[in-house]
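In what follows, structures are represented as structure tokens.
Consider the two complexes below, in which chain A is the common component and chain B and chain C are the respective partners.
So, the complex of A and B:
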């Protein structure tokens, strides 16, 4: 493992995480209860308590490069269990947003999936599963993964071929437009 | 008047942010000030000598010291001026440390404020007059509230010093939590073997009167002369007749009563003696289970009692006692751990508290010293201990460390291996806190000699699987989630102040913190005293502590009480209220507001007038603020003095 230079602590990163999440990360005393209850821990490269510790140490690059940020399901078990009332799930969420903004979100398929899903919502006003699937496959080249789930989803009518239309489709895409403009304004 | 002013630097405490020499220079221009100087440490021996020299060389008859809080050194300086031959009440103190230098960094503003405080003190001193304390006798008897090990120690030490002790205990027996323990760390001594003799000493000591099943009803009076009323709750058994033979408990048909002493492990009878070594060894009836009370008929115990001690009609009794000092040793209770739904919230029979586990292991407990599961009576093989349940947990409002759980968990793990050699214990911990003689070595023994597996991390979930339980937690050192199947889970439940501690504190007129623990007078230097003279603290009532600390504090409280009552006459503070009889109109408003009942109505040439009972007045000043005529004045806090201070401040 790489040696952490404690003096390299990125204080503005700590401050940014605290400001965006509204949480005081120094309250974490590493009991590990967030990790103890985490149902996604099996997929993580860094357990959530270590993410918290690395944030305290200001290790921005290590945190934002962690796959755990992408895999977090925001189930909030960590938040519920934290004895120090830290909203850990929000801290994870904030880090995920930072990683995305900086183009660092470590797991490409997760990024592709989220992008595909949002694209269908923007276009059709609500989610369109077949479209999400198609775009995700096209983007990642994962043509056969999870195809085994298709028959069951079809039989339960969870995977319609045509998108559902909603009345105020334009208003939903206007939300996306406004969001993009807002992001530009912020920049 | 010739006033001297002394401005302290307190090293850099004051000197760093206040120009002490400059304040002294300014003070020279204040009215009647004939001498002003600054010194590095005014409270030190050369500092005090400087005051004495100043008084002698400049013929001073009043002194102002601007330094720390009067709570810290007012008595020191009063003694110093007295040594130089002036009345000790011709002294005023300006607090330029806690009220100035420690709270601001702006040196100019601080120096100005320090001078303003000195100016106020000088104006007050100009209107002071010499006062002489009165002396009053005290009652050489101590009330000890709580019969745990801390209270027992305090009572025995007082009694051995020849002072009468009245001990009250809420439960049917003294012994407190220690009586429930199987063994004690780090020596694995049998708890009842070392506590039992002390309990017997309490029962047999000619100087100790014990009231069990009793609570403090009310307190009046003041240091040296408290009058306390004790409520002796009806136990339906006449203690003068009961011999503790136990025949009633054998015959009692209500055998499913909640066993308080055994923490609900097993059951007891509605009429019971809590445990074999109970002091006093008298039966008590639990009315919520007794058939005579629940169903209205039974009377078996009354029939079998050979001495006719049973009295279903017994009522609470109020006993009034005069005491000179009081020791509050009310101990602790366990945090309500059932707020943790992830640990089953009490639904799983084999998830028990550490105190229940003590009773399960104890040879005098319901299982006779053989550890059995509460669900099916089987011997557990895998035992999981979870520490910090209700400790260091901000989310349930218990942010403090309970102090002794690390140690008793190690002890319980060792004892588990002793009882069941083929068992395996796991301890989930956050940090091992073992700062005591032989303590850390003890936790190492649990791991190295007894093979206890220590896992650093919390437990997130317990769920049943077949007749066992899956405990899911984390090992933060390994960086992995861990799971273990357990036959028994023991929760090291944290400590909170004993139930109703705040209500008791209000009766005793002492302070308590936001968790209900009683507040000591000074966190470092007066850990036994409270802010009410004559009331002392012992044991966990002040905060979590282990047995040796509780015993030490019990002895310390006794030493304080003995020291107080060793004087034949106690000195009263002469800063008390006085009535100007010419102005008093006899409206009695002061009599109504006085919290100490220190003012009485007298007949003065056919007119009603107020009179202060000097030994009782505590100088709180409520009467002074209430009197519409300004007839009753608190010495050294008169209306004129306060107005002069305000005027001095307004002129700054």
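So, the complex of A and C:
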């Protein structure tokens, strides 16, 4: 059985999650409604109610290393069904942001998909499905990923070979550039 | 606002590719109903789910750029068919006036600000707000009589409630009202706001074969002729990936999955090419055949009654 040393509670982590999410995590009384409705629970290493409990106990490392943060589909069923009105999905979202910032977010294929998608947006101003899939397949080595879908998509002209670039691509790429430079964090 | 004033129309990226039929059927149905859509100039991606899972400021800035564009065109009321775009645009509008995140997101936007008084609605809400059920019924030259429809909203249309405001987040009824007005028999569908697996289908295919599998399975066991959807990603998971679902679950479903706008368009007798029926992966012909059979049946009854 895994035990938790309560002396290892990281209080600044609890405070940071509460500040970034605007939620009072101490309101969670472990009813389990969030987990009962969670469609992605089958893929989680920690059910979402346990993530909430671990946050209350300041278990930063365990939470940020959890695969559940990556596999959360952001469907917000947990938020809708919380009897204490905690926006659980936003708590998951800010933990995912923290894990990403600290380079701890688990599950490489999820990171690769997100990265590929956003790269096409940064480059063309709009997302580009064929480009996202190409980059995802190259990054993960999953070269046969979803190729079974290609004939149906191509015959219906649903997978344009060329991206739909916008004129003001530079405006969109500037948003990404400022984000990477941390302009939004400067006083 | 009056129906003749244009709405700023944000098509969303998938409307240019994987959901081209949603875009074209939306435009056709709105034109038929006298709802004027004016495309936002040089619109860009809202960031979708990937951006908000990375950072809320980034997501807000990417979405808000489109509201800046709308403001420059003098368009305050913005509408989009895509639930993911809808949610991102609404969150961005809320965040831009939030004292904590607003100024930070504005820095990413390069100092651009929003005009006061924007509203953002789904096309579904716009149709529901602007057009009465009687008017939809009157427009339905070929009503969807006898067609059993499983209405499927997915995650984003109704959650979270205070932001999306589509009635009961567990049991929205807007799509039901529109399709019932067009003559369809809309079934009570208990999985209507369950998750389809969303974009997890790419990194973790099992997410879709499990979750979308349940949705197709339930629709079939309720005797639905078609699943009606409002989200491009749900449509792709249920339709394009139905073969993957069947292989993973050892099932043999051939359940047509159509946008609610395509069904309204059929009722309004709009040209099939505008509705993009040829873009669907699971053949919708059984739906068309059933509607044609119903019409022939009705015509026969009328003839007999006329003779008698």
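By definition in this document, the second predicted complex is superposed on the first by the 177 of 187 C-alpha atoms of A that agree within 3 Å, B and C clash if a C-alpha of one lies under 4 Å from a C-alpha of the other, contacts with A are read in each partner's own complex, and residues count from 1 in each chain.
Methods note: a contact is a pair of C-beta atoms (placed from the backbone, for glycine too) under 8 Å apart; a residue touches a chain by one contact, two chains touch by 3 or more.
These numbers come from a predicted model, not from an experiment.
Partners chain B and chain C, brought together by superposition on chain A, fit side by side with no clash.
Of the two partner chains, chain B is the only one that A:49 touches; chain C does not reach it. In the superposition on chain A, A:40 makes contact with chain C only, while chain B stays out of contact range. Rounded to the nearest 10, the angle at the Cα centre of chain A between the centres of chain B and chain C is 80 degrees. Look at A:30: by the touch rule set out above, it reaches chain B but stays clear of chain C. Of the two partner chains placed by superposition, A:161 touches none, neither chain B nor chain C.
Of the two partner chains, chain B is the only one that A:85 touches; chain C does not reach it.
Annotation for chain A, partner touching more residues between chain B and chain C: C.
In the overlay built on the shared chain, the residue A:77 is in contact with chain B and with chain C. Here's the short version: in the overlay, chain B gets within 5 Å of chain C at its closest Cα pair. The interface of chain A with chain B overlaps its interface with chain C at residues 77. Of all residues in chain B, only 342, 388, 392-396, 430, 456-461, 472-476, 479-481 touch chain A in the complex they form.
Chain C makes touch with chain A in their complex at residues 13-14, 16-18, 20, 42-45, 47-58, 61-62, 65, 104-105, 107-110, 155-156, 159-161, 169-170, 194-195, 197-200, 202-207, 210-211, 240-241, 243-244, 278-281. By the touch criterion given at the top, residues 27, 29-33, 35-38, 41, 47, 49-50, 77, 81-85 of chain A touch chain B in their complex.
Interface of chain A with chain C (complex): residues 39-40, 42-43, 71, 73-77, 79-80, 87, 89, 93, 96-97, 100, 107, 109-110, 112-114, 117-118, 121, 125-129, 133, 136, 145-146, 148-149, 152-153, 156-160, 164, 166-168, 171-172, 174-176, 178-179, 183-186.
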